[in-house]
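Have a look at the structure below before the remarks.
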Amino acid sequence: MSGAGRAVLAGLALTLPFWLPNPYFLHVAIMAGIFGVLALSLNLLLGYTGQLSLGHAAFFGIGAYASALLTLRLEWSFWLALPAAVALAALAGWLIGRLALKLRGAYFVLVTISFAGVVALVSVNWMELTNGPLGLPGVPAPTLGPWSLRGKPAYYYLVLAAVLLASLVCRRLVHSRIGRAFVALRENEPLAESVGVDVTHYLVLAAVVSAAMAGLAGSLYAHYTRFVSPEVFLFSYTVTMVIMVVAGGKGTLAGPLVGALIFTVLPEALRAVVSWQWQMLAYGVLLILLVVFLPRGIVPAIAAWRVRQAP
Amino acid sequence: MAELLQHLVNGLVLGGTYALLGIGLTLIFGLMNVVNFAHGEFYTLGAYATFAALGLAGANFFAAVLAAIACGAVLGALCEQALLRPLRAESIDTTMLVMIGVWIAMQNAELLIWGGVAKSIPHPFPTAPLVLGPVSIAPLRAFVLVLAAGLIVMAYLAIHRTRLGTAMRATFQDRDTAALMGVRIHRMHTVTFAFGSGLAAAAGALLGPVFLAYPSMGDLASLKAFSVVILGGLGNLPGATLGGLLLGIAEELGAGYISSGYRDAVGFVIIILVLLLRPAGLFTKQERIG
Amino acid sequence: MARAAGTLTLAVRDLAVRFGGVAALAGVSFDVHPGTITSVIGPNGAGKTTAFNAITGYLAPTRGRIEYDGSPLTGLRPSAIAARGIVRTFQRTSVFPALTVADNVMIGLHLRGVAGLVDVTLRRRRLAAEESRLAREADGILDFVGLGRRRGERASELPYGEQRLVELAVALGARPRLLLLDEPGAGMTTAEKTTVTDLIYRIRDQATTVLLVEHDMRMVMSISDAVIVLNHGRVIAAGTPAAIQAHPDVIRAYLGSAGDRA
Amino acid sequence: MTRPLAVLVALVATATLAASSTVSAQAPIKIGVIEPLSGPVAASGNYVRMGAEIASDWINARGGVNGRKITLIIEDNKSDPKEAASAAEKLIVRDRVPAIMGAWGSSMTLAAMPKLEEYGVPMVVETSSAAAITKRGNPWIFRISPPSDMEALGLEQYVDRLGVRRADFLAVNTDWGRGAIAAFGDMLKKKGVAVGAAEYMDQAATDMNAQLTKIKGTGGDTLFLTTAVEQITLVLKQAQEQRLARKIVTTGGSSSPTQLIKQAGAAAEGSYHIVFFMPWFPEAMPDAKLARAFVDEWSKRGHPFEGLTEGFRGHDGIATIVEAIRVAGRDEPTAVRDALWRVSLVGVNGPIRFEKDGPTGKESGQSKPSIFVVQIRDGKVALPDFLAKQ
């Protein structure tokens, strides 16, 4: 993207609360931001190391529950609970990374699904800790000094900061020996090992960073909706992340964000244009069309198109 | 003791249903390498097709089951030709995403057509249980278990003992050589997907009457099918069968003796353990590396 | 022959590898001396690549010992062995296909960088300095192998001969002290083989010991300081090229195996 | 145009269309409805929607309220709390509804509640049973369905006549099931009934044989069953296969005995069901005429009879909101909220009037609905012996 394009985009993002016609759109923007962080997180594993995690909702949920419990039960400040939630999710990522590092492809997928399944069942059944299926209502909104970040514009900037942070981390990682090691594992694992890329170390590292980012999104989600229930572990959340990453363009920095924006706006847009009977059907059909016409995702398709335009 | 026996019988019956779900997917996922999230929807389709054939066309129960299988196979073939064929050069994630789209679209189309109310599918078997000493089993479930075993054996023979099956396996093991030997690659893809989808529909047709038919019934079916396929080893029909039985019995005993709230967790933990200890699946000979 | 007295770079002792019931290596021992080019030859299935895989940690030997500079390598993972300075190439062309030639080499330079997660996320300047240093090194290696003008192209789009050079450049990125080349000349034209032979000399001259598996006897006999002959998983001869060419067992093995396979 | 561009343009166009919402001046009064219309409990959500539509059509046929017609804006929460919150936000901000009815499941309702507080819009809760909903101090919540403990108290008077001595529980592993086990367990213990096993099943589970085998081993006489009608059907069938000889009592009012007779057949024989509407005996309902009219209208529309036990909730919820708008005299959220405290009407279930519940100063409204018990006998829905004889 050109410098001018980037400046316009930054300007739009920074001024969004001032020109969006109503808070509902800001709500959509906040959800898109939270899912943007999630999509970036999944993309680190799927797009760069080539390992598909279908248990990513687990890290999201762990982040959400950790943050909610620490602020509700121990009355920690949001600013302490947030890093703690990130750390706990990262720990879970480390565990999964260690457990599953010998597994690839379908087997890795199933271990991550199973892990998420176990965590979800714990959230339902461990009543004393999680309040079970009743969930945790009344998660406090964050405050910053004397100001509450309860309002949507303030929370929007918080989420925007998180999105920027997550994309910055991704960008730096990708353009470093760590990111290259991730890609090397995806492209040719034996060759990567032959020049000293430690498979275990980098797969676990990718899982940890990815899980930490998902935990960040989970904490932001908990303090935004102010209600956490076992549904945060729903498989459909993971599926949504996969849709965002793959349709946006896996293995690109912008793809997950574009995917998150489109696939958060799309269901809300469908609410407005199609009656409820047809919404999910339309969503599925649009997804199929998108994959058939742009199999590599939106961002790579645009990049390829631009290359063709400028010979 | 009587309770344990009953749990084991229950587990066997449940495992049989899991195996039935798994064999279709082990072809599509194991051989074709398509992460088919829509597998459960073909199962749902089988159940609704049976319901429609019985209720609307007034067909005989067994004819309805056959019609449902045909329905699943035809739709599977269409799906393969229209969506998967153009994406054959793309990565496994791309085909997975298109199947996620099919999953969402099919499930909501079913909701639109049939409404959300569960349908009970009538069957010709008596409802009173067969009592054998301390244990009991419903005649329908016993029938399904026998038929599932029959279907599994048939599928095995079709794949390992017929020319078509040989061509099928050749296609996915070494596509170029198979093409050189005159196998029509495109057609083998379509046939395999149709075969797998037909088996899923068969599972739906048989299990629909045991349970109920409703639009989201395929979600759980997909999850269990994936578990069974991976437990048994990709593309391995006897493995999928044993994997199904293992999962069924483990869940049953877990719910019976540990905690019913953690029932599915027992299955998940077994999957994790199996994959950690035998990464290529429980019933596959370890491949050598190098 | 340039041979430093006393220390061996690589010492393989009684190495055995079995696959199921088949013995791919049945007790192999040989030495590689520092600063030399040593070739391993033998008919197909003699166990050459298996030996490479065992030395570089890609498979665990059933029995035996591998020592490098006096300390054992057995049990180490490939990446740890690479970190000790032993780098290999593969028999079949092995590159990072979707990446540019320059990025391929940058991955090869993995061990030349030190940036960890903290550097990458927090120490921007240090990261930038490392990145530009690595980029310069990559340029140097690409010029060395003669791929300077291909740096922006995708590795998978290069012709076969150049892909093998990319592979070599990736391996050189790790600054090997012992480089194991698995059939570097296979499938190449005579002109390309000359280029590769020349490169191998230049690599040796940069104080890298080279261990080579190769089928082209002319190439082997012209560049090797020492030759080891394997057949049916055993060493049947070892010595200078001249000695090997005259060795009766070697002649028999090659003719015999040709007869067996006919 | 190239393909990537065409797809992008299509997506952007959809989004833009969505953005250009039209609000006209003298439009009908909008009322928001949030129900699970797709997903695992879609059937129940859709029945509630059908009931709401009947109420809306009836009100409009009578000339609307305050001289204006009403129109329902229906949103699907897909059984996902996130979607419920989004739907509430959309209804409040985009559609500017003065009140909402919803959102079936308790976790959906709980997730939507912060939005009500944020914007100051009241919600009439038609189904959710979690105690927390009215205890949290959200003054925008008005519930017409009974929380589990109220339902348990409603059953208390019949415990002896049902002959419950030793009870086991089987419930869906959600807030609803867990809440029911706690509430009914407490009530039964107070009555001196022994409580045996408490087993759970996943919302999507279809095979409950393991739980039933375990329950069979406790030697109790009554099984309390709390889940949606689909799972009740499966449990009844599988209980028959397992030869589980128990009185079965279903709680929660979502059992739809007619559907059970159809789908579980003989396996449903003898089971008792707590319901909040008895469409089989409209004359026995508090407002017999209304109940009869509702049943007739329902069948006239071709809706399945078995949906009535769920569908009445939609009618009563919308009727309550419209009554509040009438009392308030305008369709402004705060006025409607204040008016909700003053409404008194008779719905299909019976009288609806809100009493204060929850922390002082921030009370939620809780109505005290009527609770009934029916039994399936000889393939028909009947009043239990002990009630019929009265």
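Which chain is which? They are A, B, C and D, in the order written, and residues in each are numbered from 1.
In the analysis below, a contact is a pair of C-beta atoms (placed from the backbone, for glycine too) under 8 Å apart; a residue touches a chain by one contact, two chains touch by 3 or more.
Everything numeric here is computed off the predicted structure, so don't read it as measured data.
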item: Far-end chain from subunit D, centres as C-alpha averages; value: C
item: Comparison of A-C and A-D by number of C-beta pairs in contact, larger one; value: A-D
item: Gap in Å, rounded to a whole number, between the CA centres of subunit C and subunit A; value: 42
item: For subunit B paired with subunit C, centre-to-centre distance based on mean C-alpha positions, whole Å; value: 47
item: Cα-centroid distance, subunit A relative to subunit D, in whole angstrom; value: 34
item: Centre-to-centre distance between subunit D and subunit C (centres being mean Cα positions), rounded to whole Å; value: 72
item: Contacts with 2+ other chains: residues of subunit C; value: 58
item: Multi-chain contact residues (two or more partners), subunit B; value: 108, 111, 219, 261, 264
item: Sequence positions of subunit A contacting 2 or more other chains; value: 124-125, 277, 280, 290
item: Residues of subunit D that touch subunit B when the two form their complex; value: 37-46, 173, 199-202, 204-207, 209-211, 213-214, 216-217, 229-230, 233-234, 237, 240-243, 259, 262-267, 304, 306-307
item: Contacting residues of subunit B [partner subunit D, same complex]; value: 3, 6-7, 10-11, 13-14, 17, 108, 111, 115-118, 120, 127-129, 131, 136-138, 141, 211-212, 214-217, 219-220, 251-256, 260-261, 263-264
item: In the complex, subunit C residues that touch subunit A; value: 56, 58, 77-80, 82-83, 87-90, 94-99, 103, 106-111, 113, 115-117, 119-121, 124, 127, 130-131, 134, 167, 170-171, 173-174
item: Partner subunit B, residues of subunit A touching it in the complex; value: 46, 52, 99-100, 102-103, 105-107, 109-111, 113-115, 117-118, 121-122, 124-125, 235, 239, 242-243, 246-247, 250, 277-278, 280-281, 283-285, 287-288, 290-292, 295-296
item: Residues on subunit A engaged by subunit C in the complex (per definition of touch); value: 169, 172-173, 175-178, 180-181, 183-184, 187-188, 190-200, 205, 209
